[in-house]
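Letters A, B, C and D name the chains as they come in the text, with residue numbers starting at 1 for each one.
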Amino acid sequence: MTNKRKIINDPVYDGFLTIEDDIVFDIISHPYFQRLRRIKQLGFTHLVYPGAMHTRLSHALGALNLMNRALEVLQVKGVELTRDEVLGARIAILLHDIGHGPYSHTSEFMLADMRHEACSRLFMERLNEEFGGSIATAISIFENRHPKHFLHQLVSSQLDMDRLDYLGRDSFFTGVSEGIVGTDRIINMLNVRDDQLVIDEKGIYSVEKFIISRRLMYWQVYLHKTVVAADTLLFGALRRARRLAEGGDTLGLAGTPLFDFLSHHYSEQDFRSDPSLIDRFALIDDSDMACALKGWSRHSDTVLRTLSDQIVNRRLCAVRVANRPFDPEAASTFRTQSQLLYNVAADESEYFVTTGVLRNHAYDYNDQEIRVLFKDGSCRDIGEASDQLDRHFLEKQVTKYYICFPKELR
Amino acid sequence: MTNKRKIINDPVYDGFLTIEDDIVFDIISHPYFQRLRRIKQLGFTHLVYPGAMHTRLSHALGALNLMNRALEVLQVKGVELTRDEVLGARIAILLHDIGHGPYSHTSEFMLADMRHEACSRLFMERLNEEFGGSIATAISIFENRHPKHFLHQLVSSQLDMDRLDYLGRDSFFTGVSEGIVGTDRIINMLNVRDDQLVIDEKGIYSVEKFIISRRLMYWQVYLHKTVVAADTLLFGALRRARRLAEGGDTLGLAGTPLFDFLSHHYSEQDFRSDPSLIDRFALIDDSDMACALKGWSRHSDTVLRTLSDQIVNRRLCAVRVANRPFDPEAASTFRTQSQLLYNVAADESEYFVTTGVLRNHAYDYNDQEIRVLFKDGSCRDIGEASDQLDRHFLEKQVTKYYICFPKELR
Amino acid sequence: MTNKRKIINDPVYDGFLTIEDDIVFDIISHPYFQRLRRIKQLGFTHLVYPGAMHTRLSHALGALNLMNRALEVLQVKGVELTRDEVLGARIAILLHDIGHGPYSHTSEFMLADMRHEACSRLFMERLNEEFGGSIATAISIFENRHPKHFLHQLVSSQLDMDRLDYLGRDSFFTGVSEGIVGTDRIINMLNVRDDQLVIDEKGIYSVEKFIISRRLMYWQVYLHKTVVAADTLLFGALRRARRLAEGGDTLGLAGTPLFDFLSHHYSEQDFRSDPSLIDRFALIDDSDMACALKGWSRHSDTVLRTLSDQIVNRRLCAVRVANRPFDPEAASTFRTQSQLLYNVAADESEYFVTTGVLRNHAYDYNDQEIRVLFKDGSCRDIGEASDQLDRHFLEKQVTKYYICFPKELR
Amino acid sequence: MTNKRKIINDPVYDGFLTIEDDIVFDIISHPYFQRLRRIKQLGFTHLVYPGAMHTRLSHALGALNLMNRALEVLQVKGVELTRDEVLGARIAILLHDIGHGPYSHTSEFMLADMRHEACSRLFMERLNEEFGGSIATAISIFENRHPKHFLHQLVSSQLDMDRLDYLGRDSFFTGVSEGIVGTDRIINMLNVRDDQLVIDEKGIYSVEKFIISRRLMYWQVYLHKTVVAADTLLFGALRRARRLAEGGDTLGLAGTPLFDFLSHHYSEQDFRSDPSLIDRFALIDDSDMACALKGWSRHSDTVLRTLSDQIVNRRLCAVRVANRPFDPEAASTFRTQSQLLYNVAADESEYFVTTGVLRNHAYDYNDQEIRVLFKDGSCRDIGEASDQLDRHFLEKQVTKYYICFPKELR
């Protein structure tokens, strides 16, 4: 039935995504996928960059778009792919992030005791059942069990369609032009050698630029201190909410899926033994969190109320970032002052003062390398192939330390 | 205190909004304004254009940015403005849409019995009290009581900063490049003559383009039939929810502000007599609606459940659009079929079949005209000034008719 | 030999043109085509819009890019095309403007007594000989003799790849954003019905926008009065140069191809009888004209010297534009004054005062109509299909009158 | 006379340059400046990136635009500037490259025996005379003699308006998105401390990005091997032409300014003793070179004819690039083969085989440092301030070696 053929507008690529496969169309129409409309790609980043309201759904569709182009480029270069493999790669990228919960990374581990990848796998398995096994190839690609290894690399590696899409997309919606990547050029330079995804020699500069842009996006957007502040407040609010729930408080959420997950610590094992759990999890998204926080901003518990109000009305805590760890004394002093400021108990003051670490490396030598294919047929790691980004540069990991504390104590 | 000076990134203008006034900064920080973060500019449009998640907050800031530029251009051209007038115009544009409820226009009249402009006025008056009268000039500009009439025209007319920003912004986030307007050029061509905002002769083509682009955005985006379908479903769901609330159903929303507004019909008069009402209204935004719909998609009432599920999971009804009204017979037949399809009562079937009218004119001769200033000092309406867009063209109003009905009956 | 496969960067389409066919590559490499590097797409427009230095070569490659996409879209929609037809359409669009001389339209008829289309045909025929007949299909498409009529429409009609490329390209390089057209959308909406190129119903608004944008580009760019002024000066200079050549002056160009064409009036017939003529014509481009004008700006003849200097150093004449013809008296007075101003003979003064007509219609009912394909399978002309751009609007032809005269007489 | 106030469209900045000063307007109108219309910013780069036809004139105007913004930002931050200093900085940036000859850098030293900066100074001095000394401040800024040192840094340093404009402009016209720089952000972060231009701490990432982008543009555009090939051919052709001129050949250029400069070796001293020399130099631009090459491509001398033809018809020589110098044997063999291939004398074969070095460092520790101003008031060099781009990285100079030889010998 080609009448399902569909075109979706995407401002990032100045054009359209064309969906040709019925099953891809059906997956997109599934409630599991549609829920991604209600999960922002970048959590609280919009508190700094107001345009950053884009969703996981738009990212998944964008990554599918890039996958389509990449597969086409590889086929033109003589890489043979069966219809089933093409479809598998498309579905794998479409579903690679399906397991995200509210505010994407921000809520990871706070609602269920597992990484979002594990959760993605649960959703995929369920969909595979519903679609009579037609997602099996996609799952094997996602889990790196497919014999054509490079298909997995297109979905998950240091130069995958996921990263290419999110860098471009996050640049577009934040307005941070520094993140712009020569996506078209990189995709045009993709190739396969010895079952590995590689980059044609001519693409070296674009890959260098990609590595640098990604790093800049980390410091300018993903690890922006205001976003860190909001995340910290949310972690605190959720911890406090859990604590209150343990004491019997229904948090104004009686009977809701969110309350279910805040009053339990479900593990992957639980999800596997109770198939209904994933369906309940699928009911939770950013809107539940936003509503809960608004409700909690009028809660009787001072800690929960204060933290929630700070998020809802963007009265965020102060953050300091430094190149070395903060003196524990400093945190301790802030805690004592917070106790007075908010009139809370000593052990409650720790909700208002948090320290932590921000870390990013341009490139990860423990992950899949980015390999460059030279004209003479040889392949080398980008660290060797690049004139400029040598191993010294690439291995360097930047670590920073932050402390969050009440703005009033600044 | 210049330490409040702040720069905000806006992807639409490829740059920054600089906020220089403390009071502007304080208004932006106010919960009434921060709530606009949780109200999408284009309601359900993201169901068609997934990028269209941008908020009322980003639009208000963008319009402020254009206002800043416009005031600068006018001053360079010799228009004299006091500090108070500049500030007033800035605040007026910042707050012009503060009264919007969830999903912007979609929920207008459904929660309270007044237009969003009336609601904006209520918010402004309250803020004026809070800020010790410093918003008075802004209010007089907004309400067109300020002696310098053109300041109101910058806020509200057929070529105001509101329209310029939303056309550009909505084009940007939907990816519909047809809506792109030469904003810079138009603003550079603004002038004032006899206390009227006018366009320098050289800007005629840009204004023509603006009028055409706006019309195209109407048909391609604002009145897109899929958006109409979703709006229709929401109207139905809210109507049904109100009906059930009258019958004593708490809709799973007991004690929430949303329930308050769904179980009453507050008028502007009510808002004026009970000052707390506006504060409760300010607590409602897109997230409440999203949560309510998700909850209702599992409600026992078939009508409410069905309509809500169709929105939440994007299983929208079918829509047909035609140049003449649909035969009442057609609607009637669809209703009978819906009754069977959903197993509901005859009077309930009307929730599933809706007819209506879509209407747009390129230009409104009953509104403020767009006037062109010629080199010889004379002014003429754009309809006279333009070689191409004559009155015949501009007056033409396009009317279309739609019918929504269950997809299964297609 | 796929080693000729080549990627060319094009800033307009944010990406690449991929050349797959050897013969296409060979045509691009031919001196006839390479000379288009030295012919600006928009003649003197860069005097107003300094970015508008783009060449006929870049336009030809861009139009080829759009042709590739259009052919792909049509094939996906089930239009059957042989390999030979695809190649023919590609070459036809690549060569459609090969016959342009210096400054594109500006020098038409000044060097040879024929339209640039006739000249394009001469080049094509010659190339067809050189390439052993492999351009025959392209020529039959170009000349509308190919049985698949729609292929010609892709090359030359009111919605062809030529117009789509030049509108987008000229917008890009001038910076006049009003000309931006939803090229991707229009191409995605192309279809074929009854051997006619048509637009799917969903593309109506984009076509409306295209028609409006094109009109705006005419008045804002192509017929810009400063460009008209420069063109007028060039016509004068060339006329004067011819006159002097008749009198035996070698114009500092003795032995050059440009002199050959300035001292003769070659007709199409001449080109057909003397095959070397086209080769000599191919040696002339913008650089010859620029050099000649610089040389002439120091020539002893006052008329030639004055006109040339005005072009070279952008000391252009004044232009007035009006909606009705100028009084012949006005021109006559300006001529008398010019005589004094430049100290020239009465009959020479006419070089400095020129009147003329500027004319543009949005749409030409005498040309190929733009037809819209409705879902019910019916086709209608855009004037009937559009709600807004009715025949009244489309037929309207705007005519303006200009007079150019020495700036000093302003 | 504010009637000279002028707006110029620039596609790069999505808007306009407004010219407010009469003298700036008059300089732009001067033939010395207008000649920059006929000098491409990037010489032969358009042979690889066909969009790169932009001129020195557009770059000079763009840099002026950035200077205007930078001066405004500095003034808002409290840097005091007199009217004369503002004007001086504007004129200095406008004229910083006025001395370029045909194809910009490509022809440096080939026509006159001095750097383009020396030539710029000559033009500036002459203009200063013509304008009655009003350019004196601009010259003192340009030559770094002005007491406010940071004004010179805005014109010429490692983060000046020149570089900011050319990186953005060259990216725009080539379509190499890797070069895009956050110009707005960098300019917003400019500041002055101790009479030095500095970058506010928040701008660190943008400066890092700027350094990386510039490096990438070097390797991807400025030192592109095809451009190197064309440059090499031009050097060869000019050397040969000079040699033939020494032997009495007029090169088809008798009496032209180009011939004057090809048959002499004028030094800066010559220019200073003969004031008419600079005027003759001002008559030479890209068009003369293009015409000469076309003429020479039919010259009787095999060397000149062959080299010229290769440029004109883009039949470029082959280039190999390597990380170490080529074996002299290789060049020697290629020369012997060339002798046979072109049937030329042994000493003529060296025109067809050239070796050379390409060199670029990201940052130059011998030049003005880029200094970062921290919140605590301290300043540090970018190499110390950046977490990632340490001295090791910044000091690294990349050197490559190339050899050009006839394509047929590949």
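To be clear about the criterion, a contact is a pair of C-beta atoms (placed from the backbone, for glycine too) under 8 Å apart; a residue touches a chain by one contact, two chains touch by 3 or more.
Here the structure is a predicted model, which is why all the values come from computation and not from measurement.
Asks: Chains shared as neighbours by chain C and chain D?
Replies: A, B
Asks: Identify the chain pair with more contacting C-beta pairs: B-D or A-D.
Replies: Result of the comparison of B-D and A-D: A-D.
Asks: What chain is the most remote from chain A, judged by the mean position of CA atoms in each chain?
Replies: When every chain centre is compared against chain A, the largest gap points to C.
Asks: Take the average of all CA coordinates in chain A, do the same for chain D, and state the distance between these two points in whole angstrom.
Replies: Centre-to-centre distance between chain A and chain D: 43 Å.
Asks: Distance between chain A and chain B based on Cα centroids, please, to the nearest Å.
Replies: Computed value for the inter-centroid distance: 31 Å.
Asks: What whole-number Å value describes the gap between the mean CA coordinates of chain B and chain D?
Replies: 50
Asks: What residues in chain B touch two or more of the other chains?
Replies: Only 14-15, 176-177, 185 qualify.
Asks: Which bits of chain A are touching chain B when the two form their complex?
Replies: Chain A reaches chain B through residues 8-12, 14-15, 29, 31, 34, 37-38, 40, 46-51, 53-55, 57-58, 61, 172-177, 252, 255-256, 283, 285-288, 290-291, 294-295, 312-315.
Asks: Mind pulling up the chain A residues that touch chain D in the complex?
Replies: Residues 176-178, 180-182, 185, 205-206, 208-209, 212-213, 215-216, 219-220, 323, 362, 387-388, 392-393, 396, 398, 400 of chain A touch chain D in their complex.
Asks: Note which residues of chain B are touching chain D in the complex, please.
Replies: So the residues of chain B in touch with chain D come to 7, 14-16, 184-185, 188.
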